[in-house]
Every structure is written in C-alpha cells, then in structure tokens.
Amino acid sequence: MEPVEIRWVRDGPPAAEILVEGLPGIGHVGKLAAEHLIEELRAVKIAELTSIHLPPQVIIEPSGVARLARNEVFLHEGEKRIAFLVGDYQSVSPEGHYHLAEAYLDIAERLGVRCIYTLGGYGVGHLVSEPRVLSAVNREELRAGLEAAGALFNPDEPPGGIIGASGLVLALALRRGIDAACIMGETSGYLVDPRAASGVLAVLSTLIGIGVDMSRLETRATEMEQVIAKLAENETAEDDEALRYIG
Amino acid sequence: MEPVEIRWVRDGPPAAEILVEGLPGIGHVGKLAAEHLIEELRAVKIAELTSIHLPPQVIIEPSGVARLARNEVFLHEGEKRIAFLVGDYQSVSPEGHYHLAEAYLDIAERLGVRCIYTLGGYGVGHLVSEPRVLSAVNREELRAGLEAAGALFNPDEPPGGIIGASGLVLALALRRGIDAACIMGETSGYLVDPRAASGVLAVLSTLIGIGVDMSRLETRATEMEQVIAKLAENETAEDDEALRYIG
Amino acid sequence: MEPVEIRWVRDGPPAAEILVEGLPGIGHVGKLAAEHLIEELRAVKIAELTSIHLPPQVIIEPSGVARLARNEVFLHEGEKRIAFLVGDYQSVSPEGHYHLAEAYLDIAERLGVRCIYTLGGYGVGHLVSEPRVLSAVNREELRAGLEAAGALFNPDEPPGGIIGASGLVLALALRRGIDAACIMGETSGYLVDPRAASGVLAVLSTLIGIGVDMSRLETRATEMEQVIAKLAENETAEDDEALRYIG
Amino acid sequence: MEPVEIRWVRDGPPAAEILVEGLPGIGHVGKLAAEHLIEELRAVKIAELTSIHLPPQVIIEPSGVARLARNEVFLHEGEKRIAFLVGDYQSVSPEGHYHLAEAYLDIAERLGVRCIYTLGGYGVGHLVSEPRVLSAVNREELRAGLEAAGALFNPDEPPGGIIGASGLVLALALRRGIDAACIMGETSGYLVDPRAASGVLAVLSTLIGIGVDMSRLETRATEMEQVIAKLAENETAEDDEALRYIG
C-alpha cells in the first residue's frame, strides 16, 4: 500500500470550481456542515483516499461489510460545480498531516479547483449561546469577501492558529495558486455542535451563492440544546437534593 | 534488516485454500482460538515474519535461547489445506499496522489462499455470561454464510470498528480479490478469555467443515471461570469482614 | 512537500560571518534575545524554512492571513554581517530535530558563516534573582573568548546537556568546520524570561562587538517582574485572608 | 546526517574476537560492568556511532565542549582482543532499536568478532540481597558454557524477554553466524546497581578467562548499600518520630 492512495470512482474527468473541506475536528463542526451540504445538494461520490497516516482501523458498514478508514470526495454539479472532502479521520501523526494535506491539494488541482473553503470549529472551552463565525484566508484580498458574507476576523483568534487539515490546506493552497479561506464556527469544543455548523453554513452559502435548506441541521441543533438543557437541569436537581440532605 | 522480513522454512511451494489469522488482541481471543486449532490439527510451521514494526524485544524460549519477536505461519494439510497466522505481537506503530497487514496478504497470495478468517475479541467492558460471536465481512455476499454458521451481524457492533490486523487484513484482502471475514468473540476485554475463543472456534469449524476437539479449550475456560468466581468470592468475603469490623 | 524546504526571499547571494540561532525553548530566552537583536539592528528577512517536522499547524497573522508554521532567517549588514535564525517552533519528533539542525547548517554554509551562536535558556526550576549566563562550545579553543565576554562554564551545568536545536547545531557545526558556542541564560523555566534574555544578549554583544540598546528588553523584564511580584503578593494576601477566616 | 553514522577513530584495521555490549538500561548494570572493564583493561577508543535514533541532545564534557549523544567502541588488545560497545543512550524509537542493533553488528563483523556478550540488568521490582546472574543465548550449545561460568537459566525469567539492544543484538547475531549470550544481573530496577554489575562481571571474566580487579566496583557497591541503609534508617527514624508525636 502506498503511503497515500487516491481512487477515482467515476469515469471521465470530473471538474469543480470550488472545494469544501469538512474533515472531523473540534465539535465536528466542519464535518457536520460539509455532510449537510452533500446531502442537501445530493452530491455524488467521485473519489476516495486511504492512507497509512489514517488510523489502522476499519469501519463496519450497516451491511456488515468492513472497509478501511478513509476520506471521500463528492461532487455537486449544479449552477456551480462544488467538490466536497469529508471522511472518517484525520492523520494520526504530525508528519502525516502534511502528507495528507498535499494529497488533498493534488485532488483539488486535478479537479481544476480555483477556491477552497476549509470548515472547522473554534473551541473556546465554554458553552456559547450565540456562536460567532471566524475566518482566516491565504491571501489578504480574500478577506473582504469573507467579511461581507458574515465572517469575523479577530486578531489572536483562534489564539494558537489552526491545527490539522483545515489549516495546512489553507496555507499550502497558496503555493499552488489556489485561493483558500477557513470558516470556523465558535464552539465549546466539548460536544458535537450542529449550531456552530449552521453558522458556518450560513457564511459559506452566501459566499458560494447557493440556497441550502437548513431545517434538518436546525432540528439537530435544537435537539442537542434540549439534551444540554436537560443535563443542566439534572445537575441543579442534584444540587437541590444535596441541599435537602444537608438541611 | 528489511522493514518486514518473511522466511519460508519449508522446501517446495506450499499451498492453502484458507488462511486463519489469530494474532494477539482483546482477551487474546483470536490467538487462543488459532493456537488451539494449530495444536489440534497438528499444523506445521512453514514461515516466519520479523519486522522493525514489532516491539524491539526478544522472547526467551524454555531452552534459554532468545529469538526475535515474530509472527509465524503454520500449515494443516488435511481434506482442506488451512494456513494459520499467529505470533507474539502486533505492530507498535499505526503505519506499521498497514505495512504488516500487506505482508500478511503477500503470504496469503503466495499460498494461493481464496478465503481469510481473521479471529479476534470484541471487548464490551463487563463480564459476559453467554458470549455472542459477531462478524464482519469484506463482501456482502459472504454474510449469509457467516450467519448460517452462527455469527451475528449487529449494526454499530463493535461501535468503533475493528482496530489492527484483524480489521486491516479483512479490508485490504478485497483489493487482492480474496474473500475475508472477521469472527469476533464477545469478551470483557479484561482477561484472557478461552470461553470467547471457544465460541469463535464453533463458528469457524462450521464454516470450514472440520471437526475440532474443543475439550482442552473448554477445560481452560472452566478453570478461568473458577478463578473469576474465586476472585468474586474473596471480594464478597472482604466485604463481610469489613462489615464485621464496622459492626 | 519535501521533508524540509528552504526558500530564499532575497535576490543575489547573501553572505554573513555570524549566525545567531534563537528558536523557541526554555523560558523563550533564545527567542527573546534573537528577536530583540533583529528589531534593534533592523535585520531583513532573507529566507524561510517549512518542514513536516514542524507542528502541523498554521499561524494567523494580524491581517487574517494564515501561513505555515515556519522558521525564518534575517540578515543584518552592518560593520559585521550577522544572520539570525528564529521561528515559531522546533521539531515535534526526535529524528526531526536532527534533520532540521542539518538544514540550519546548510543555511549557515550557504551564507559562508564562520561562527554560530545558539541562544537558549537553562531551566533550574526556581526563581532566579541574578541569572547567570552559562556556555558550551564545540571547540575548547573557543572557551576563553566566551569567558572573557562574561559567560560561565560549570561542570555538570546544565546537568542533562542541551536538548534540541541549540545543542545539535552546536555539535554538528564542528563537522562542517564552523565554530559554535551556546549561550544559555539561567531561568526558572516556568515563565517567559526577558531578564535571562538580557543577560544572554550582554554576553553576545560583547562577543560580536556591537552596541545594542537594551532598554525595550529591560522594560519587558521589569514588567514581568512586577507581574511576578503581584502574583506573590496575592498569594500572601490569600494566606492572610485564610488566617482571618480561621481566626 | 545519515540515520546511523559510524566513525573509526583509529588507523589500520582493528580486530577483536569478542564484543562486550554494555549500553544504558535497567539499573545501568550493563553500562557499569562494561565501563569498569574498559577502565581496568585500559581499552582504547576505536570508533564512535551517532544516529538520529539517539535522543536529539548534546552532552557537555567537563572541558565545556558539547558533543552529540553517541555510542562508543573501545578495544583491549591483550592475550585476547576484546571490543566494548558503550554509550550515552539507546534508541528513542522502537524501529530505531532495530536499526541500531544492525549497526552494532556491522561493527562486530568488521572487527571479525566471533562471540558477543550483551550485559544488562534484570529488574525484579524489590531490593535483592544476593543478586543472581541470569543468561540467555542465541544457540542452545552455548548454554553449558554460561552455566559453568555461574549464570542461571530459568524458564520465564525475565518474564517479558529482553527489551532493547541487549536482546536484539543477541538474536540478530545468529543471522550473521556470530555466537551471542546475554548476561543479566538481578536488580531492583530502581537504583544504579554496582552489586549486580559485579555479579555480571564475575561470570563474564570467567567466560573470557581474564582476571579483573573488582575492588573499585566493590567499593561503589558498598557505598551504594550504605546510602540505601541510611535511607531505610531515616524512614524508620521518621516513623519513630511520628510515633513520639502521636504518643
């Protein structure tokens, strides 16, 4: 097995103007957002990537069939041609992150992509009632467009920069002459966060100029908030009980 | 030393229809099952594998002779020709797992193997009185055969997929046109579990169509259960004592 | 992406007699000292290095532009031509440290450097009121010069030797016929330490024979000491409060 | 820098019948024993090895000169020609252990070595008043010689086999047609243990047929035992004090 293997599963040379990356990460924000778009736009799978840099693990499909941990590329051919990069995992090693980021850019170049959006979460360590959407770009000229679409740029946010695929793809795209922006949804970082994903998608759909039905993502966000509310309630109840016991 | 080295210890080109993999893992279920078969079928060693991906460690034989940590291939030439892959360890690194899995498949291809069974444990985190046997396959067509032999397929079990050789060999075999199924014995994951191994072997012997004397494995399972019972008793006794002391 | 990539950002063949290395490390002593010199001497950037051995991470500039984690080379062309090696991070893997150290020496050789000073902190685990400056050299003949400039040599200090770039560059420079000395400022190791950096710079400026305005570094050191004093005060105050509470 | 580099520091082709390996490990038993022999036999340095698999670290000599972490080869040319392999560290990575072991055997082959003794400690987790000396060999025929010299062979001791250079060199020597035995001194594993080293040397000197003055090692062992006795006394004293306080 080669260190990184890309298999194209569709005949003919597919093409896309835009690549949206949403691999697993903080709050699974990027993954939730990208997978929601793939479903709503009914994008079709065109490639998959396996690698020794992904965990040495297989996923069992509902059919009982096991397959390697992988990343996948989907294509939506509407008014705009948009490719999506999603997957089970990111690299398990620091060096592997660089190798996979280059492989993602090989895919982008082969598709003729002119612009990449990497989606992710920005973990702040506490629950956020109205999550902001932050951004970073690989050329300063791209900043105004992101701001117009509702993304913020704030010095020192995220304080440590961006770790993993969303960051490396952003920076390495410049070397290949591809514009790229990272769109990050503010999130606690403790829970899968559909609300943050929804914020990221609002910015992204404005940028790309597509309408996306957000209702399913909104439903998931509301459900998640009810779960959190119930957890908080239980904690208070326990506190009450504790008080009664003491009293 | 090459990253992976395979030494064939028997003259002439050996051949096998089936490869059974039972390397160390959760509850040593796969290892116990495969080693029991090797002993009962009096399979003979035909190859051994050493690798820089195995721990940097030697094993001391009862004779006082030290040898490298290794994996071994045994061959049973009965009505069916069955090869077995067993060993001291699996890879110490994520990337190494992929390299070793490919080496195992090189061995399978050289033997002309058509079907691989990877054996393992499925750790559930609590003692299991009647362990189930679960399975995963690399082609959906294989599922019915496994089910007929007594294995279950349950969505989201094991929840995280299969880690290590049993999973990777399963998935990577498909690329070489080799059928493969993983047979997993439910086990606590805390103890070496001959009972789970016995369940795995019941399914495997039905699939291959061989009769295997299970008595020795049953004896070990009974012994292990007596050990556990005694441990549980002692805990209760300690509780009693604690009560007497307090009372 | 190559394992280590060096990009020269200035036309023509730059040259320098001296290379000063100040990468992040204990107390950020080396980094503070080297960056202070770059600013005071208005050195200009001539090269940058990126590598799969650096963390898989991007830094977001105040402009909102993300760039790869990197190391940078600056050049001061005054009476003496002095190059500086600074950067965001050191290697994340043991092997990577060796590869990066060789790359730093490739840069030094290309610049025609005759002498390297690696700057760092020597962590002693407790606050130090009057930090000493210790040194190590790659040829015994260099020792007298360092001592004359105010650096100490003390057997078994630092007890474990020098870890990372400052140490490896020092030792590996010898093989390329380049003189090298490491100048280490004594520091607690718990805090960014401008006072220790100031001590290192005093020795270095004597060695190189340049006058450097230290006032900005002194201001930072004083600020940091006020912060520490306030922290200590608060602790005492808390103790007092605790006493009142108990009393 | 090559992954492993060997530099011969003596002119002409040195030769040795025997190689004694004593790299750092459990209780530094092997290192103490080998270094004692080097000093007593006044062996001279003939080669040194540096490697990216050793820690990325330099050692500062008493002279103030820093040098790479390294392994060294010494040669004693008496009635027998005996080479010694000692050093600062072993490999930091599992794969590196294999690569370094092969390099050690390259050195042995170049010297024409017929027999290797690897020295080490066998950690048992408690203080040992009369430490045994255990052994393992790479050919069963060597066992009688070891036993005659006072080494024991005990099934399942050490229970996990031998980790690192002492084990790998032992096993890999067989492939090169070189006899090898590992001589292990029983030790707590918590402290540097000259007593265990002394036991190992007693066996080794009988095997090689050389007389070695053990007095300096005995002195160190006695000193270490006095330190331990004092530690134990203090603990008892503290217990007494505690009793007085309570009483």
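Each chain carries a letter (A, B, C and D) given by its place in the written order, and its residues are counted from 1.
What we mean here is this: a residue touches a chain if its C-beta (ideal position, glycine included) is under 8 Å from a C-beta of that chain, and two chains touch if they have at least 3 such contacts.
Every value quoted in this text rests on a predicted model; they were computed, and no experiment measured them.
Visitor: Between chain A and chain B, which partner chains are common?
Guide: none
Visitor: Which chains, if any, touch chain A and chain C both?
Guide: Touching chain A and chain C alike: no chains returned.
Visitor: Taking all residue numbers at the chain C/chain D interface, are over half used by both copies (same) or under half (different)?
Guide: Different residues, largely: of all residue numbers at this interface, under half are found in both copies.
Visitor: Report the inter-centroid distance (CA atoms only) between chain B and chain C in whole Å.
Guide: 52
Visitor: Using Cα averages as centroids, what's the distance between chain B and chain D in whole Å?
Guide: 37
Visitor: Please set out, as single numbers or ranges, the residues of chain A touching at least two other chains.
Guide: Correct list: empty.
Visitor: What are the touching chain pairs in this one?
Guide: A-B, A-C, B-D, C-D
Visitor: Which residues of chain D touch chain C in the complex?
Guide: So the residues of chain D in touch with chain C come to 1, 52-53, 55-60, 62-69, 92-93, 96.
Visitor: Give the list of chain C residues in touch with chain D in this complex.
Guide: Contact set of chain C toward chain D: 91, 94-95, 97-99, 101-102, 135-140, 143, 153, 155, 157-158, 160-164, 167-168, 170-172, 182.
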